[in-house]
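Which chain is which? They are A, B and C, in the order written, and residues in each are numbered from 1.
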Amino acid sequence: MKTQVVVIGGGPAGMCAALSASKTGAKVVLVERDEVLGGILNQCIHNGFGLHYFHEELTGPEFAHRFRIMVEADKNIKVLTNTLVTKIEDKKVQIMGKNGFEEIEAQAVVLAMGCRERTAGNISLCGTRPMGIVTAGVAQKMVNIDGKMIGKDIVILGSGDIGLIMARRLTLEGAKVHAVFEINSTSSGLRRNIMQCLEDFDIPLFFNTTIFEVVGKDRVEGVYYGQVDKNFQPIESTRKFLKCDTVVLSVGLIPEMYIAPDTITCKTTGGAIVNEFYQTDKPWLFCCGNILHVHDLVDNVALEAEQAGKFASLYALGKLPTQSKSLPVVAGEGVSYVLPYSVFEGQGKVEFKLRLKTKVVRKNLVAKCGANILGKKFVLAGVPGEMLKFEIEKNGASDKIVVEIE
Amino acid sequence: MKIFDCVVIGGGVVGAAIFNKIVRLGKSCVLLDKASDVATGASKANSGIVHAGYDPKPGTLKAKLNVRGAKLFPQICKRLGVKLNCCGALVVGDDKEKILELYNRGLQNKVKVEIWDKKKLHEKVPKLNANLNVALWAEDSKTVSPYLFTIGLVEEGMINGGKVLLEADISAISKDGDVFKIETQRGMIYSKSVVNSAGAGYNQIARLLGSETKKIQLRRGEYFVFDKNTLDVPCTIFPLPTDLGKGVLLTPTVDGNFLVGPTSAPSDDVTAVTKTGLDEIRQKAHLLMPDIDFRNTIRQFSGIRTICGDDFVIEKSRKVPGVVNLAGICSPGLSSAPAIAEMVINLLGYSTKEKDNLKKIQPYVMFKNMSKRQQKEILKTDPSFGQIVCKCEKITKGDILAVLKRPLKIKSVDAIKRRTNAGMGRCQGGFCFTKVVKAIAQERKIEYKNVLKENRGSFVAVGDIREEE
Amino acid sequence: MERQMICIMCPMGCNLTVKEQDGQITVTGNGCNRGVVFAKEEISCPKRIVTTSVKTKNGVKSVKTTASIPKSLIFDCVKEIEKLRLKDAKFGQIIIKNVLNTGADVVVTANE
């Protein structure tokens, strides 16, 4: 099979990248491992999607549906569902699907596979491994797609968004959510989710607290939990027992970069290092969405993917403009990462996407090139759990750009 | 009333090897296990190493059976279609005397061993700690999937007439003349002899039999599992052994993952991982290889070893004629299993001649490992081989359904995982868990919520949403 | 009276400060006008959109209320949906009109 752009992953990022690549003029193959397009959105049945992109409040399946009908109507996009990408080697994409193993030759490849969830193994959760330890995403799939109840007495480890959403969902289904434990001193989820998923239902959230040990042979029977010190080590004197039958893990996401293991990645995000065009160190390989960095808004994923899809398409068509000097963009004081990791010298605006290291109240975010201030943004209240956007004029920058909290 | 020649209690690797051997002799045999699958105890949670046999004290059963067992392994694995990774093993240290001692033991046990100097050692394992300057090389050391090996032995026994009862808890055993009457949850079994290979449950069965109970110590071994391509470990690497065992080792598995462990701590029969245990592994593993990045671990597990004195206990019961006792089969139990089986049939007084026309077992071959032609053929008749279930290990729905159609009727997600690797990869079932559950429900014609994770009581869901009251 | 709250109208989650003085309500910290509407409602009659699933012949389908309903009615609304056993449910189909007289309908949001 031959095409111009292969987009891998049929979630919001992949669908938007494919639509945009097609609109820019390329023939596109969109590869999705599951039976239907939509990705994780299909199981996110809660509302809160689309306000920025569609100016309308939608649920996950509705948001996905809007793009799916556009993709299906687009004659330049060939969709392969139930198809897994097993290898990418120099613009050749090996797939495994209804015809067994096949190969697609392309001019550009867009990675849009999102993240996988961190598991009990990734966090070295102590205790036994009975039924009842599930990641929030699996819990969500079982409840919302399969219609199965995962447990009756729930404890949630980690305050990631899907964990918070599942706290509410399971409560509405009649389960008792006893507590959410967060090992850090701030939540990794959105503040609105703490309010409408926990506070609305009187579910307690304990900071600096974690599960010491899971107990149970065939089924979870309870957890020992307690506080941790500054180095996240358990403080044994605070150890308590809580009876429960289910532990839901919402302890972070890992970009699915294993498919392109030799790509240069960022230590903080785990995603690829990309330039303004969402291009990795391999010029034909582009990335967007959660595989690049974890977004808190799918609307932002859509916008980012449209950009990446456009540039991938232009590259495939040989129309991506050759660029001037590349200026590195660096995360400075108080900032954990900034995207893109480099910009091209020249005129015009560039939008940075970044996350803060700690909570920030009433401070300025600045972008500097040496002593030259390229832009400033007032941050009323910023937390690490929420992504910030920051647009600057790059005129005048001729060297490394540092983005930091003043 | 059918009277079997022999009942083997305990479907671990040792019980499976004995069951397999007895069936191959043309005797009638039943294998009983209380779990929902075979190999769910120590046999699923160990290092998976077929030791060459340089380590056990010469003259012991451990030495004799290990060396003999390791010799039998390749031909049995070939017969069963079970993969062996002939990676070899190194014992590394900074004390030449101790390595020499092991070397001499190896020679006494008639095992191929070599002493390597620092240069040769670091050429083979460049990431090794620089202060390790001498090693023992045992080229015949191998790794195997201990559960696939066990399953293979059991299934080969089944297609040749052996009977397996799972979830068969035993409530009573009595003896009427020369015939044992064994009451199980799956019905009454009559048999002329009984082999107690119940592992950690040895004493419980011994009490029911009225045979000798033993002083058994349980020790827990904890491990880390590493993702593929995340360690530069070309062969099994041991530290110098101590009184507590072979120590924290690094080893490649047959699937391309790596195990780091085990610890050895007194324990009850609970397979938990502990902070102390995991911290100990981290610290000891770093002594072997300083730059191991434990963020690449995808799982931890622990297994229970049973220890009964310094050597294996394999004997005819003096109290109850017709009973064979096996106790304290710890390391090198996996390596010795085929030789233990030979010894047990001898104790049972069977001749060693195998029956003619033994049936050959169909090995487990996943779609991804089939030839291009086989793949094309199978897709023509069965499109489920074109449906992805596990993305990390590239397992299809067809692979899962094929496993469910095999002689041993398993019904748990973990049983599928052991046979196909689905759910064993880096996402640990995040993508495939519900797909595997659905495949099991479909093939076994049971409800989704009644599918098990492993044993009875581990139902994957507690109910349906909007269940009828 | 002064109250701090997080606006839940969109994932931006603005930090709102609501002041009530002599019957006059002022809202600050909002990024857009929806924040003012939310804050005023949150101190008088807090409302939420409800999302859950409805039972169909072949399993479950996701549903939502087309508008936010009083917070105190969330569980009652879920109960109304729980009562239903549908043969099939199509994307966009209204399964309960004007649920609990809130003015909101319950519609199917799943599309496969």
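Keep this in mind: a residue touches a chain if its C-beta (ideal position, glycine included) is under 8 Å from a C-beta of that chain, and two chains touch if they have at least 3 such contacts.
These figures come from a predicted structure and were not determined experimentally.
Greatest Cα centroid separation from subunit B: this falls to C.
The chain occupying the central position, as judged from C-alpha centroids, is A.
If you average the CA atoms of subunit A and of subunit C, the two centres end up 26 Å from each other.
Subunit A and subunit B have Cα centroids separated by 38 Å. Averaged Cα coordinates give subunit B a centre that lies 54 Å from the centre of subunit C. The multi-chain contact residues of subunit B, meaning those touching 2 or more other chains, are 465-466.
Along subunit A, residues 143, 145-147, 173 each make contact with two or more other chains.
Across the assembly, subunit C contributes residues 53, 55, 60 that each touch 2 or more other chains. Residue ranges of subunit C in contact with subunit A, taken from their complex: 5-11, 13, 15, 29, 48-53, 55, 59-60, 62, 64, 71, 74-75, 78, 91, 109-112. By the touch criterion given at the top, residues 465-466 of subunit B touch subunit C in their complex. Taken in their complex, subunit A has these residues touching subunit C: 36, 42, 45-48, 51-52, 57, 59, 61-62, 64-65, 68, 143-147, 169, 172-173, 190-192, 194-196, 200, 296-297, 380-381, 386. Across the complex, subunit B meets subunit A through its residues 224-225, 229, 270-275, 278, 294-295, 297-301, 367-368, 372, 375-376, 379, 383, 385-388, 391, 394, 426-431, 433-434, 438, 448-449, 452-467. Within the complex formed with subunit B, the residues of subunit C that make contact are 53-55, 60, 82, 85.
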